[in-house]
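Take a look at this one; I'll ask things after.
We call the chains A, B and C, going by the order they appear; numbering starts again at 1 in every chain.
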Amino acid sequence: MNLQRLRIIIRKEFIQTFREPRMRFMMLLPPLIQLLVFGFAVNLDVDSAKIAWMDEDRSPQSRELLSQFEGSGRFIIAATPASEAQMQDLLDRGRVDGVIRVLPGFARDVERGRDTSVQVLLDGTNSNSASIVSGYAGQTIARYASQVMNQRQRDKLIAGTMASGGAITAQIPRVVAQTRVWFNPDLRSRNYFVPGVIVNIIMLVTLSMTAMAIVREKEIGTMEQLMVTPIRPAELILGKTLPFVLIGFWDMILVFVASLVIFHVPFAGSFGLLCFAALLFILTTLGAGLYISTISKTQQQANMSTFLIFQPFSMLSGFTFPIRNMPQVVQYFTYLNPMRYFLEVVRGVFLKGSGVDVLWPQLVALGVMGVVVLSLAVRKFHKHLE
Amino acid sequence: MLPETSGPAVKIDNLSKRFGDFVAVDRVSIEVHRGEIFGFLGPNGAGKSTTIRILCGLLAPSSGRATVGGYDVATHPEEVRQNIGYMSQKFSLYDDLSVEENINFFGGVYGVMGERLAARRDYVLKMAGLEDRRTSMTHLLSGGWKQRLALGCAILHEPPILFLDEPTSGVDPIARVSFWDLIYQLSAAGHTVFVTTHYMDEAEYCHRLALMGGGRVIALGSPAELKESLGTGHLLNLESSDLLGSMQALRGRPGIEDVAVFGGGLHVKVDEESAAESEIRSSLNAAGIQIHKLEPIAPSMEDVFVTLMEFQDQKAAS
Amino acid sequence: MNLRRTFAMARKEILHIIRDPRSLIAAFSQPLLMLLIFGYALSLDVDRIPTIVYDLDQTPLSDALIKSFRGSRYFNVVEEAKGYHPIDNAIDTRRALLAVVVPTDYSRNLLEGREAAVQLLVDGSDSNTAAIAQGYAEGLILTFAQQTRENAQSMRTGSVIHIPVEARVRVWYNTDLVSRDFIVPGLIGVIIMIIASLLTSLTVAREWENGTMEQLLSTPVRPVEIAMGKLAAYFLLGLADMGVALAVAIFVFHVPLKGSPALLLVSSCIFIFGALGWGIFISASQRNQLAAYQLGTLTSFLPAFLLSGFIYSIDNMPAVIRAIALFVPARYFIEIIKGVFLKGTGLRILWFNLVLLTAYAALVFYWATSKLKKKVA
């Protein structure tokens, strides 16, 4: 390998890349957009649910229940429908996530020590938020129930005490949960998504830009020109891919800085480990980009192939949808997805501060995949050039 | 078909086109008569393609007027398009359609339908020599055949005026000649053909020519007229043992107007043949250069063009 | 607008489509792939949360608590730890998402009528699952707590105080909270948007690059005929795609179709028209295919996926983004399609969405036509 020639190719590639406005566009816009979207827009958290409050009892007890709901900070009472038709309409139009309905006779039942219930009607069209809202509502009602129960027990005990004479402290056993949330104490979904953007970006950039750059050369015809010179295939490959490795890293640093500075995502681990994993990951994506360039004649085909590959891999990487929820068969498939491993490393390093001792399986997997994919691609590229 | 039964097929009046600071077409005025083959000659970047595109309504003029078939290109582009056929410089039919499918498409677009379409289709296929290949994919045809197909698609609706922009570029010489046969047939049938080319030999085929350079019309007339405009001078062809030496020896000698390298020899422009001949022989003898051949020749379009361009450059320089 | 010329354009476009197998395959395989992935693989439902328990108390009382975790469908007890270290390890390596730690004084506190705390440790890095898991776990403990109370009370006083108030939850429209039923209809809208942009964003730019556009412009064909011809051809493809997607949704995933199929068909046609029109507009605004492709992806795919309310609820987004989301046509179509499938809502409620979609389609078509100028420069 001639280093001189290599340097020249790399230089040409850099000049071409940075001069071309489209490439500059690719360097800045995708990370920016993904950061914006996943950092700000995409939010699975249900901070406050819009509910309708339908009080058919209108008693101090139902008002007490209402104040529990209002005070929980999790609900916004968006409407108070007066009839079933109105309630139906609200749900049909999707104006509220759910309806809390207190039936007539609520207060009477509570007073008389009878068991009663509160209706929680949920809009199931968004099953995710429905689950969350159901949980919140249930908790709020349970808290109210506890209050009532406390009161009853106290009354009973006091009655019993007075009957037997003497004072007994009310000893009521209670079980409470003390929850500690590790790694993402505020449970902000942003902390979950934003580090994942790194994986997406690197994959997108290195995969598609590599493929495009090589195919562009083919399209214009300069590839043929290059092949006539003393340039070796290895030099060509390295020369064409090195700039994009650097661009990939550049984008990663951009996202990294943005995560810390703008989104305040906690970073507990080692930056060096992150870079090392990124390098291993890039081996695979470069290989894939190389391979795509051999099967595409035009930039359009390269783009389409990149898209067709990127889509399923990204969706099945655990970025937005947990791998654990997938059917067993699909989970096996994700073992072949380098994005999965890199994502685990990224999330581990950011939120958990995990080190090599925990993440070594992922690193090994990335390394093995990288070497295999890249060598296969290089071999195909060689053949293709002949 | 056309609003006037007399008058020029194409009338260009003081037409200019500017792209920013660059003047692509500079106050061009030309008239093209009906049924004639009019050639637009010139080097690349002279403004030929730009002019044609204005005439086809593809570009708007910066100033001046042009009428095609009696219709003003700026105010009545749709009527212009009904009456013209256009063959662009780059091959621009659909590669992934068959020969027949391309014909059918352009037929539909030009409003040629039913029986008339069938008749025209047969005619075009015959004219282009593609009868056996009506179902072939266009991308499989070689350059010459593609051009013939493109010409065919341009004449489906029997337009009175045809604009052909470098129709034979990249085509082999034999195919070029037979293509020009087609153009002659069309002209004989009454079509007006406006052709641009940078092949000088093709210029000889045209009825009249305009020479374009730097956006301007440098010369206008029939090939014979243009050759005569070279002056009353004659042209001698000289082959010698030392080309460059001969050039130096002859420059500025009395009776020698100009010396230019041509192929393996020199074209010497002289005032009077016999006097010049003796002058040449004596000069070269004195320089010790052997003469292999010295004979009078008729000027070609290339000679005309080179002379005119040089003249133009001299004018610009002074 | 001359119908004959338009028809000639449309016929030519159909030939192009048929002769481009790669795009045709992509046009059908992409939606199917996405339907399969979203329908079978991707789910936000939370159950079988891997849990690790650490019982420091080791009494029947603590055992009872742990049994309730084992018995719940939401939790999958993967390990009984013998120390804190395994817990660290399990959560670090993602073998468990949740740890339940019962302290040594648990049963003692209970028997003496005091408050007994149970520790829950949740891996917050997957915040969505964590929130839901936390909710379920706390809910389980709360229920367990109330039962314990009841028992204690009955032992003490011989009488039972039941839980006075409980929540009766009914879910409308998607009774089993199957997230697939919620995802698949919305997915159809996303698919249409993506396919439309994938297919049409190149069609005009390609003609510019090849030079055929110039040839076309020198003929009598009008811009509106070019736009309409291309649109008509791709419309058939889009409709076919839509049909396949609907068939998969109804017959493979059994998503219930409660509303009017006619409304679904009409709104789909309008939406497809608008989506294709947008693609043609993008294509006409660029002179080269690469730029057209990137712009098409950026403006169709991303908004459709992320800002249409398909999975991520728009209400929870910051105001600026919500404002942008107002201009995403896919969002209005997804409301219609979800409404028709899951809620059985009709025109009475959805008419405004339909009006917006129609206006969008008309506007986009007008833009596309204006962009197809008859001048080369």
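Here, a contact is a pair of C-beta atoms (placed from the backbone, for glycine too) under 8 Å apart; a residue touches a chain by one contact, two chains touch by 3 or more.
The structure presented is a predicted model; accordingly, all values stated were derived computationally and were not measured.
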Given subunit B and subunit C, the chains that contact each of them: none
Centroid comparison with subunit B (C-alpha atoms), farthest chain: A
Mean-CA-position distance for subunit C and subunit B (Å): 62
Between subunit A and subunit C, centroid-to-centroid distance (C-alpha), Å: 13
Euclidean distance of C-alpha centroids - subunit A vs subunit B, Å: 65
Contact set on subunit C toward subunit B in their complex: 2, 4-5, 7-9, 11-12, 15-16, 19-20, 210-212, 214-221, 374-377
Complex interface listing, subunit B residues touching subunit C: 19, 53, 56-60, 77-78, 81-82, 84, 86, 88, 90-97, 101, 104-111, 113, 163
Interfacial residue positions of subunit C with respect to subunit A in the complex: 22-23, 26, 29-30, 33-34, 37-38, 40-46, 48, 50, 65, 91-94, 109-132, 134-139, 141-146, 148-149, 152-153, 157, 159, 161-175, 177-179, 181-182, 198, 202, 206, 289-291, 293-294, 297-298, 302, 306-307, 311-313, 315-318, 320-321, 335, 338-339, 342-343, 345, 349
Complex contacts: residues of subunit A adjacent to subunit C: 22, 25-26, 29, 33, 37, 40-47, 50, 65, 89, 91-94, 110, 113, 115-132, 134-139, 141-142, 144-146, 148-149, 152-153, 156, 160, 171-185, 187-189, 191-192, 212, 298-301, 303-304, 307-308, 311-312, 315-316, 320-322, 324-327, 330, 344, 347-348, 351-352, 354, 358
